[in-house]
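Presented below are the structures under discussion, each in the form of structure tokens.
One chain, chain A, appears in both complexes that follow, with chain B as partner in the first and chain C in the second.
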Partner chain A sequence: MPHRTFLTFIWPSALAMLLFIALPVLSVGIQSLHIEHEQIVQTVKNCGPFGCKEVDIVDAEATALLQKEQPLGRFNGLGTYANRNHLAVEEISAAWQAGGGVGSFVDTLLNLPFYKALAFTLTYTFVVTPLVLLLGFFIALAVNRLPGLMKGPTIFVSLLPMIVTPLIGSLILFWMIDAKGVIGGSLQLIFDNPDLSLKASPTLTWVTLIVYGVWHSAPFAFVVFYAGLQTVPKDTLESAMIDGATRWQRVRHVILPHLAPLLVFIALIQLMDNFRVFEPIVGFNAEANATSLSWIIYNDLRGSDGTMLFSSAAATSMLTIIGVCILLAPVVMRTWRDNRQRA
Partner chain B sequence: MYMRTLIAVSAMAVISTTAHAGCGIYGTVKLLANDFPATQAMSAAVTKCDGGSADISVNLNKDHKDLIVPAFTANPPEFTVSHVTNSTLVSVMNDGLAMPLDDLVAAHGGSIQDMQKVTIDGKVMAIAFMANAQHLFYRKDVLGAAGVGVPTTYEEVLSAAKAIKDKGIMEYPLGGTYKAGWNLGEEFVNMYLGHGGAFFKAGTAEASVNNAKGVATLNMMKALTGYMNPDFLTHDSNAIQAEWEAGNIAMTNLWGSRAGAVTDGEGSTSEIESNTMFAAAPSVAGGSTPSTTMWWDGFAIAKNASAADAEASFIAMMKGTSSEMAAANSNDANWLIAGVEPRASGVGVVASAAGGASPYPMLPWMGTLHGALGAEIADFLQGKESAEQTLADVEAAYTAAAKEKGFL
Partner chain C sequence: MTRSPLWLSGLSIGFLVLWLAVAAVPFLWTLWGSFKVEADFFSKQDWRFALQGIRTIAETGAAFTGAGYEGAWVKEEFWRATINTAIITFSVVAISLTLGTLGGYALARSGFRYAFWILIIALVFRAMPHITLVSGYLLPFFQMNIWGHLSTTIIVMVAINQPFTLWMLHSFFLNIPKDLDESAMVDGCTRFQAFRHVIIPVMWPGVITTGLFSFLLAYNDFALTALLLTEENQTMVPKISGFLGNAQEQGNVMYAVSAVVSATAPLFVLVLFFQRQIVSGLTAGAVKG
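Right, the complex of A and B next:
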């Protein structure tokens, strides 16, 4: 394709990507390097229904003047990234130097909000993604074997978990797993333990969130695999059968290689999605036991009464983007290499 | 009684819509408020003036505290007037987004009592219309069956809870709004003030909660959670109200704005409702003041609103917070509005205020500390770390955030 034709073809998409992806990311990146101006404080008399008191207030006018001079705020370099609420560089090096063994170092690490969130985010990502792939694949194989009449309704029902909005789905399950809810109550009966609560202990909360994640995402993998299964060449399957291949051997040597590109696709999407895990944490009120990077961003923006930490949120957003890039790098590089070989 | 009130309210609605379409308001009024019975009553009275020369819209939203600052920052503002509290007014003032109301009060605010005016540096910045506080809700029948009196201190709350549990009346007699985040932070603030603690080094924005009073506060909170449903870190006010109405708990420190809701003849049995009583928040550790914070709810007008819209909004809010509105909805809140009989279910708030409970601190950096408290305390309550470590974490998290906000 001549360069000119290629450019004419690509420029609308390139422009859209620049406007809607590159510029916002750049803007967030710049925001993360700045912090708010020093607040100019004055002491004034404050009266209300409960009496009068001398209190400090922000001199909004003086602060607004500073704001006008430098609308972005004070330049702070990578200070926000390094502070205790993010990468906590100082705290970590102090803990490292203090010695005290790996155990105490890990304890210090997991006591810091960013690493605590990272621990759950990574666990969630690396447990949910393979389980979703596996479960989706087996559901697809099973549904594919169903007689034609039952296929439609089965597919529809299996897709339901994906159709429910994550926040609503998790809120509904939150009440169902309550000690007095239908799932929570049944579990207490099954395990014969009246104190069993899925919401109280960190471990069970993690398990609940992970089970929810698999439940919610498996239909996506299923429907993609199912579509792929329809394109598996019948001839190859039949020749494999004539050669005496068992059902498992056919799956292993014919179907799986055929579906490999889909596997990569679902893995990519799932890695990205799961790394951004957020709604179930809010829905399950799980922030005491499990937090994620996305949840930290949310908390910075809505954690307390109107006090928003824009730079913190921006810094965590950038770190999330970097995290996604690192996660996807192996898969993307592999695909790129394959493409080059083919070309 | 209920029917009569209903008829009276509907009659008033008809009269006011026919006789005063527009209520003499000329302009656009966009009201943002939290969503609970009192604000519903207030906004319903405001909405009655819609029509004719007045264009009135109302957004009742549980997340209003997160929307105020962005809504008021826009020019023209997304909302001309917003419901504020001692805490949210500070975040609005931090950015200089509230309009001084002195002229409007002089022109249209004849019915406002002096104590309703929230003045900062001599200027009226908000008009308060109701008071609120977390205070003791208790079940008279359950305490009677356990043979204990009404607790006035948290030490007595613990022994009463033990008695109820030991007698096998309830497995988890206590409830608390201990949901990690804002609610849990508020519980610490209440208990810490009950211990006589100070949140900051005098005259600075440096946090100072890592001290003996902070440790005692955390230990008391943990002792209380021993008598709570193990899911306590997920319980907010809605959950506790549900637990109360289901008869699962016998004592809790819940918001005064919920007192009407648990005695309204809906959502519970008459046995539970008739035994639901209210008292001042308990004191703690030999202190004399109730361990709670006093809150006012009021309204502030956006600085970026046009003069006409600001005036329209003020007049509309005068209709919304009139004594007729308060009298018709007297059970919904502890109204601060003149000419309203105090409600029976409001005794807890009144007793807490009379006991000398402190108002929630109106400091620019309090919200940031509150956020840090809410995020870090769960670790201690789950037994993951010591009280000292938790309080050190709170201070460190606060310091990092306060530096970013330019407070330190």
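Right, the complex of A and C next:
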């Protein structure tokens, strides 16, 4: 296809991606180097019946004017990245110099908002992904053994956790494990502990979120593995059987190698999706014990403290994007090498 | 094939039954509970209250009540959010499929190296958490005075959806033999005429499958819709999370429960009718490696 024709076909799509993905990334980058204006303060004499006092008041008009002239705020360099809410350079070097062993250093680290979020995001990503692969694989093996008539309905039910809106799915589970919900209430009864609550302890909150993540994503792995199982070569299986391979050996040496490319595919998609974990934290109301990178950006932009913290959100976004690039680097490198060999 | 030992069949069936229960019971429970009052669905005393509806009978006189639905749909105007969701999902699906088919076709037929690089860049874009982009949108949108409109959100969603749409349609077009459109061009068609008369008639299975996933992305979104829309333009998902904010008021939790059931119902219907396409779509990317 000549370059010209290619361009006529692809430009609407390319323009959309350029304007709303590439440019925003640039805009985030610039925004992260700026910081909100300080409010302009005027000292005025305030005279009342009991004498005069000097009072500082915010000059709202002048602040608004400055805001209008320079909407980005003032230039701050890498200041936002280094402050306490992001990489916390000072706090970390102080904690490092204070000594006190690895334990206390990690404690300090996990009390800083960015590192707290990063810790949960990484734990979530790297615990949920393998569990999803494992559960999906076993569901696929089990469904594959079913008689034909049963397969359709089973697949229908299995797809539900994946298809449902993430926020809604987490709310549905949250209402059940809530202290007053059916599972939470029963657990209190079983352990005879009326204060038992999955929300109260950080560990239980993390476990709950991870269970939700596996529940939500296992159907995806299941469907892909199930489709892969349909294409396992029958002859190889039979010859393995004739050679005396046990059932487990056939799974291990015939089926698993056949599914290996699918495994890589699922792992890649899962790493990307789990790294952006966000909705379950809102749904489970878990922000006290678990935050993720996406969640702290949302929290800054929502303006829950009265103002929207654009620069703070932008700095976290840049760090998140860098994280995504690191996560994808091995994949891109491998694809590039394959492509070069083929060319 | 040899018959498998009994214990293995038993184990396999048992495991599957357990999984199906885990997958389905939460939905059934919430559907059932949405017709009860809060004191039953969130019963402090005994979870069986929710099954029998003891409080519901005491409060309303019948075992089932539609009070949650009435509160959500009439009092809190959930219908408005439903209309907004319908507008957004329909437009996003239509526009992203139009752009995606053209782009995906070009990528599948180009043969030049840069097509490969466009796909790799699209993959990186696909991996970016949506919320990181939102922090890039907000300030410019405020400046240009286009924040909060449905149309802005639609365009943004179309763009965010493009990387995935391109990948998916690209692999579908690779499966359509090249000879088809090339022989049309030998017969004197231009590239556009070949696309129009030869490719479009055979591309529908792939387009429908991709459309389903675009629909899901638009329908399920929370990060974009929660931050880019004004209150009256809100879609269903941020509206539901709004119900929770003032959940302290008696009864409001049940509004959220009924709204959740209402928003899940269309997804069930979707899976019911398009199960085959969803399964084939999930595997389409995988088979290509």
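The working rule: the second predicted complex is superposed on the first by the 268 of 343 C-alpha atoms of A that agree within 3 Å, B and C clash if a C-alpha of one lies under 4 Å from a C-alpha of the other, contacts with A are read in each partner's own complex, and residues count from 1 in each chain.
As a working rule, a residue touches a chain if its C-beta (ideal position, glycine included) is under 8 Å from a C-beta of that chain, and two chains touch if they have at least 3 such contacts.
Since the model is a prediction, treat every value here as computed from it, not as a measurement.
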Which of chain B and chain C A:Asp178 touches, first, second, both or neither: both
Chain A residues touched - chain C or chain B, whichever exceeds: C
Chain B versus chain C as contact partner of A:Glu61, first or second or both or neither: first
Touching partner for A:Ile163 - first (chain B), second (chain C), both, neither: second
Partner chain in contact with A:Thr125 - chain B first, chain C second, else both or neither: neither
Chain B versus chain C as contact partner of A:His3, first or second or both or neither: second
First (chain B), second (chain C), both or neither touched by A:Met308: both
Partner chain(s) touched by A:Thr335 [first = chain B, second = chain C, both, neither]: second
Which of chain B and chain C A:Gly152 touches, first, second, both or neither: second
Overlap of chain C and chain B interfaces on chain A (superposed complexes): 178, 285, 301-302, 308
Complex contact set, residues of chain A against chain B: 35-39, 41-42, 44-51, 53, 55-58, 60-61, 63-64, 73-74, 76, 80, 83-85, 91, 111, 113, 174, 178-179, 195, 197, 199-200, 202, 284-289, 299, 301-309, 311-312
Sites on chain B touched by chain A in the complex: 63, 65-66, 68-69, 85-88, 90-97, 115-122, 128, 131, 179-182, 185, 205, 229-231, 233-234, 236, 294, 296, 336, 353, 359, 361-364, 367-368, 370-371, 374-375, 378-379, 382, 385, 389, 393, 396-397, 399-401, 403-407
Residue ranges of chain C in contact with chain A within the complex: 2, 4, 8-9, 12-13, 15-16, 19-20, 22-24, 26-27, 29-30, 33, 41-44, 46-47, 50, 98-100, 102-103, 105-107, 109-113, 115-116, 118, 120, 122-140, 142-143, 155-156, 158-160, 162-163, 166, 191, 216, 219-220, 222-223, 226-227, 237, 240-241, 244, 256-257, 260, 263-264, 267-268, 270-272, 275, 278-279, 282-283, 285-287, 289
Chain A to chain C touching residues, read off their complex: 1, 3, 5-6, 9-10, 12-14, 16-17, 19-28, 31, 71-72, 135, 138-139, 141-143, 145-146, 152, 154-161, 163-168, 171-173, 175-176, 178, 180-182, 185-186, 215, 219-220, 223-224, 227-228, 241, 247, 261-262, 264-266, 269, 272, 275-276, 278-279, 282, 285, 293-294, 297-298, 300-302, 308, 310, 313-314, 316-318, 320-321, 324-325, 327-328, 331-332, 335-336, 339, 343
